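Chain IDs A, B and C follow the sequence of writing; residue 1 opens each chain.
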Amino acid sequence: MQFTAKDIALMLKGTVEGNPLAEVSHLAKIEEAQAGSLSFLANPKYEQYLYVTNASIVIINNDQQLAAPVKSTLIRVENAYSAFTILLEAYNTFKLQKEGIEQPSFVHESATVGSNAYIGAFAYISQDVKIGNNCKIYPNCYIAGNVKLGDNVTLFPGVVIYFDCVIGSNVIIHSGAVIGSDGFGFAPNPDGTYNKIAQIGNVIIEDDVEVGSNATIDRATMGSTIIRKGVKIDNLVQIAHNVEVGANTVIAAQTGIAGSSKLGENVMLGGQVGVVGHITLAKGTQVQAQAGVSRSIVEEGKRWAGSPAIGYTADMRSNVIVSHLPELERRVRELETIIKELKKDVQ
Amino acid sequence: MQFTAKDIALMLKGTVEGNPLAEVSHLAKIEEAQAGSLSFLANPKYEQYLYVTNASIVIINNDQQLAAPVKSTLIRVENAYSAFTILLEAYNTFKLQKEGIEQPSFVHESATVGSNAYIGAFAYISQDVKIGNNCKIYPNCYIAGNVKLGDNVTLFPGVVIYFDCVIGSNVIIHSGAVIGSDGFGFAPNPDGTYNKIAQIGNVIIEDDVEVGSNATIDRATMGSTIIRKGVKIDNLVQIAHNVEVGANTVIAAQTGIAGSSKLGENVMLGGQVGVVGHITLAKGTQVQAQAGVSRSIVEEGKRWAGSPAIGYTADMRSNVIVSHLPELERRVRELETIIKELKKDVQ
Amino acid sequence: MQFTAKDIALMLKGTVEGNPLAEVSHLAKIEEAQAGSLSFLANPKYEQYLYVTNASIVIINNDQQLAAPVKSTLIRVENAYSAFTILLEAYNTFKLQKEGIEQPSFVHESATVGSNAYIGAFAYISQDVKIGNNCKIYPNCYIAGNVKLGDNVTLFPGVVIYFDCVIGSNVIIHSGAVIGSDGFGFAPNPDGTYNKIAQIGNVIIEDDVEVGSNATIDRATMGSTIIRKGVKIDNLVQIAHNVEVGANTVIAAQTGIAGSSKLGENVMLGGQVGVVGHITLAKGTQVQAQAGVSRSIVEEGKRWAGSPAIGYTADMRSNVIVSHLPELERRVRELETIIKELKKDVQ
């Protein structure tokens, strides 16, 4: 892939300053760019690199002033950052374009697959599955019976979706993620053994959701585990049975949400957070990494930290003192000694 | 699937009150039930729903009193909850029935497979593998050389079992779980690099064990990592080399157990718990979510919390004070001021 | 596999004491050995077992004194432990020997594969992939377009490597690990939704690295996520986009490193550790299990613990007091009472 400054300016509706025939073959950060790189400058903090970069082309804001000469050809646009993300997107769309049904793959005769599908070799599509248009099912994926996928869904290699689950449109699921495995439900017997409680519900993932690699989302015991529109789930996250995650909630890596908890919209959970079962987190709740939320949070838009989680500011303050606890203990001991003396003096 | 009240009452040895020809097609919670739903009432807390539910049929206890008229057809049984779990089980058995060897799959000529097996497409069964009766090996599973599986084992899609491992009967392993990968053993060299210590042991999983999706259980360096009868392991759990997990122990999601630790019977570990290596947890030990157990626990049946873990009650008490530490520090500061004054007064 | 004491002594350049024709078929710890076992004694703590073991052969150090008669045939060598790890290694090399291209597998016509390769059934090798010599690609692995693998690389079943990633020589990646999935990058919109930021970088894994099962290493947004030479990564570890892990660093299970953080050489992270994004950990830093590192660490070779992490010794001291906080609070309360009384007395 080789593009000229002229081509790119045309695509981004920008204007060229310098050589319109300058060619680039790849995208790079301005501080790491080399001959053939296309870079951008949006953050003023990085302006210094503009005057020393080896990038063949740099995209900059229309109103960017130049404090020194620039070797690179420039393309001026309204918003350099947005323009660059459009290029990133275009690059990836190009890299990830795939179409056709590779062999050997397994598509049950009762399954329906929409137009422009990619179905990789060794992918398995079961009975009564319905797949929308423009979907990509990479190799080694498994889609169980009666699963429904909307349009523009991408399942990267090795994704597993258990029976009856429903996936919306524009959903991306990364490799190794497991959707719809059994919830962890067992009834104890008097002799200490357990009986499995059959998990007959499903998982519903709405539109525009992304699920990270090796994340796990369990099916409901009955009813549905629900991931609402626009939710972003990072790698190795665990979502237990009957959980409901509100729209546009973001969950960082290795976080776990226990059974039947309900998260509001636009919640943000840091990495390695734990949320106990059967609680509710209000809309806009933010939880710091490694925190453990053990009670429902009813007030919207607050920030929490610690395990068990308390208000963020209180946690920060407590942490400072925890790290100096031996000193606090010493101060108390000194007070005890002084007071003993004082009591003697007073009596 | 359509069933009448009469059919179901026959199956559950119950008695019908209402229309014996009422039909249902699916199971649902009483509070979410609709026409065509079969529900149950066991917990008195939910009795209110009995009088308003749209369920076509509700299973109730023989001794359930009716405080108001009920629209649904009722089926009375000895234990409504147990009866319902039997139906859940039957439903899932039906949904998950599979038989036959799909193609293309890979079964080594030296492998033996018992009766009524399901082997999915793209499953791989290596040399000298022995598989019992009624086993289901879903697509994309991999079973390495010399592995043994008992009867009624289910491996959901994408399970991997490394060589020499032994799996008992009635074991369920969910998608993406990895059994028998190398323990994390490396010997340091003087120059800061590491030599891998070959891991030649195996994993033994006894009967009636369930392993969650994307869980990992490492093989022993020598000897065996052992998961005893009836153990239930949730998603994304890590069990290191040479660990032994006692019978009927339950381990919630994302918990990790480091090398060579031994857990007694009927231990319960919450989610995201960490257990350090080379320790022992007594029978019946219960550990709260996110706790970190750093020492052996010898007393049976106690509850632990915190990181490092201390007794549960002590931890609860300490947590309350931790969240008010700045106040405690202020109180100490005030005492210091007062005492300074007092000392002046006294002197 | 049957070997005589004479065979083994020859291989290890040792000398036989006892029956040179004694035969062994497997390796075992001295305390668990039986007839047919080959064991070793290196640690003086285990010497007692030498006089009671049923092992047919025991490897011991040249300078090992015998305090009592020994039934087993002995093989004396310079370093019994090293000699035994050589045997472990040989055993595993034998167990894991594989060669040839199994069918059905998918190898794109533009891919190049070096000599002595094993490519298992249902493995998928995409366009422009380059694989070195002596590589083993087990069944159900997926290697995306333009990936490069060095020599002697082993990918256990179900490994996924996304496009453009570069893997060095002597790398071992265990089952279910995902290399190069998208970094977790989203730009917030004013309406609360998020736009995905395309992740066009890659992952570079240098020589001699081992990656545990179901671990995830995300590709960089731009540039590379880099795992340097000799790094050892345990199961279920998460490495986010643009992270750089220094040579010979060791990361235990379930630990997570957030975006753009840089770890120095020979860092050691315990299990379930969290490292926040955009920080630096100095060479030789050691972090205890479950700790949360929230700030850059500049001093080399120090030990850290707690969440947020503080110096190891300070953390140990604070933990002791945390577990006795209710008592400390009571002491402060007593002081308050005494002082109230004292003040009355003084006034």
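The rule is simple: a residue touches a chain if its C-beta (ideal position, glycine included) is under 8 Å from a C-beta of that chain, and two chains touch if they have at least 3 such contacts.
Labels paired with UniProt names: A, B, C = UDP-3-O-acylglucosamine N-acyltransferase.
What you are looking at is a predicted structure, and each value in this text was computed from that prediction instead of being measured.
Visitor: Same or different: do the copies chain B and chain C touch each other through matching residue numbers, with over half of them shared?
Guide: Chain B and chain C contact each other through largely non-matching residue numbers.
Visitor: What angle of turn lays chain A on top of chain B when you fit their CA atoms, given in steps of 5 degrees?
Guide: Going from chain A to chain B via C-alpha fit gives 120 degrees.
Visitor: Chain B to chain C: how many Å between their CA centres?
Guide: Measuring from centre to centre gives 25 Å for this pair.
Visitor: Could you list the positions in chain B whose residues touch two or more of the other chains?
Guide: As it turns out, chain B has residues touching two or more other chains at 104, 122, 140, 158, 176, 214, 236, 254, 272, 307, 322, 328, 332, 335, 339, 342, 346.
Visitor: Spell out the residues on chain C that touch chain A in their complex, using ranges where they run on.
Guide: Answer in residue numbers: 104, 106, 122, 124, 140, 142, 144-145, 158, 160, 162-164, 176, 178, 181-182, 184, 186-187, 192-200, 214, 216, 218, 221-223, 236, 238, 240, 254, 256, 258, 272, 274, 276, 292, 306-308, 310, 314-315, 317-318, 321-322, 328, 331-332, 335, 338-339, 342, 345-346.
Visitor: Enumerate the contact residues on chain A facing chain C in the complex.
Guide: Listed in rising order, the residues of chain A that touch chain C are 27-29, 32, 85, 88-89, 91-92, 95-96, 102, 104, 120-122, 138-140, 156-158, 172, 174-176, 208, 210, 212-214, 230, 232, 234-236, 247-248, 250, 252-254, 265-266, 271-272, 289-290, 307, 319, 322-326, 328-329, 332, 335-336, 339, 342-343, 346.
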